[in-house]
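Mind having a look at this structure? Questions to follow.
A, B, C and D label the chains in the order they appear, each numbered from 1.
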Amino acid sequence: MAVRVQSEAFDAAAEMAALTAGREDIGAVASFTGLVRGGAIRAMTLEHYPGMTERALAAIEAEAHRRWPLKASLIVHRVGRLLPGEPIVLVAAASEGRHAAFEAAAFLMDYLKTDAPFWKCEERADGTSDWVDAREADGTAKARWG
Amino acid sequence: MAVRVQSEAFDAAAEMAALTAGREDIGAVASFTGLVRGGAIRAMTLEHYPGMTERALAAIEAEAHRRWPLKASLIVHRVGRLLPGEPIVLVAAASEGRHAAFEAAAFLMDYLKTDAPFWKCEERADGTSDWVDAREADGTAKARWG
Amino acid sequence: MRVLYFAWVRERAGCAAEDVAPGAGVTTVSDLADFLAQLSPGHAAAFADRTRLRVAVNQEQAGFDSPVAANDEVAFFPPMTGG
Amino acid sequence: MRVLYFAWVRERAGCAAEDVAPGAGVTTVSDLADFLAQLSPGHAAAFADRTRLRVAVNQEQAGFDSPVAANDEVAFFPPMTGG
């Protein structure tokens, strides 16, 4: 179990490799990487609530371990100004079988979206910028876990 | 879209990095890595049906692209003799949003399990070896996609 | 009482954090919001539509009816948009 | 007709591939299985329980009722266990 919040870029590949390195008890790793999309967006700045963020992420990760028999897990979330193509978040869940791994990774993302204190501000190509509105769909996605 | 069958080890991290390299239109990448579990197993040998395997994997990948708006995808599956801790399979699905990516990655795995001509033979620690039986749960998992 | 603001709430309030002593009449988050809203026009704008605000008391999600006390850390922010 | 065997079906049949000419009476996979089963005791063992076998004709999944013709590639194998 590990949770990190950082402004530095992360190497999703290396993070996932580290998750299973030297382990022989992991049969399945599901991961999710969220990236900044370009197009109308020139950059994305992520603000967070230091202290509460780490607590919230650790609580979400602990809840995933309560619900599924996970062998390992990881949440890495960046803050600060990110450019299109850069990774924002990585979650990974490792277990014996694939269903637990897939479900836990989706669960981590759904809860992170609604319960972890991060806020995105988009800089658009026309020079304006604005805070991203929360999506109702994210509340719905969380609700499916009961 | 890419499908590969190979006896060489693969670097799941590098494969995933290549999937999004230079892209600004991908917001979400979900991946799954299956690994050989140790414990009672000393090694796992994967046999396949050359020709049909590639066709089956390409058909599964094409079906995923029909069902979800994917920006990229990847299936890499190893054959030959693998040791505990080694990766067997990597699937990844990239899209704008996370739900399509998660669902497509799970779909790829469920179909691969039942429709791609691979067979596992386990070498146990006691020196015996045996072909792995198909799991009924894999048929159930595939059936949920309709 | 330590009050924190994030995202556009911070921008409207004009500060990221402030220490306030709202007095004994302020016993809930709602009371505190009433008190903060009259500190400046920016604060008033920040608290104009409370349906758009979320709250944490001592770094745990809370509601406008949650109690607050003198040594609490209370944060106001929009719905979260990470990930 | 090219016949392929995989996994324990290959081990029982004693070969991975063989070319056969079963004659005009063999028009379905089921007919072909009957023909192959009498080639050797190993073949008989391979085809003893057809509920445990899966079939592909020309590298597409097929059934025991699927038609087969002289130039087809027909493969017999257990349910797949990849991934």
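Heads up, the rule we're going with is that a residue touches a chain if its C-beta (ideal position, glycine included) is under 8 Å from a C-beta of that chain, and two chains touch if they have at least 3 such contacts.
Please read all numbers here as calculations on a predicted model, not as lab measurements.
> In this assembly, which chains make contact with subunit A and also with subunit D?
Output, common partners of subunit A and subunit D: B.
> Between subunit B and subunit C, tell me the centre distance in angstrom, where each centre is the average of that chain's C-alpha atoms.
Roughly 48 Å, centre to centre.
> Counting only Cα atoms for the centres, state how far subunit A is from subunit B in Å.
It comes to 23 Å between the two C-alpha centres.
> Could you state the distance in Å from the CA-based centre of subunit A to that of subunit C?
The answer is 26 Å.
> Counting only residues that touch at least 2 other chains, which ones in subunit B make the list?
Residues 34, 98, 109 of subunit B touch two or more partner chains.
> Of all the residues in subunit D, which ones touch at least 2 other chains?
83, in rising order.
> Touching pairs of chains, all of them, please.
A-B, A-C, B-D
> Mind pulling up the subunit B residues that touch subunit A in the complex?
Those residues of subunit B that touch subunit A are 11-17, 20, 22-39, 84-85, 96, 98-99, 101-102, 105-106, 109, 141.
> Can you tell me which positions in subunit B touch subunit D when the two form their complex?
34, 46-49, 51-52, 55, 77, 88-89, 109, 112-121, 131-135
> Applying the document's contact rule, which stretches of subunit D touch subunit B when the two form their complex?
Listed in rising order, the residues are 4, 6-8, 10, 56, 59-61, 75, 77-83.
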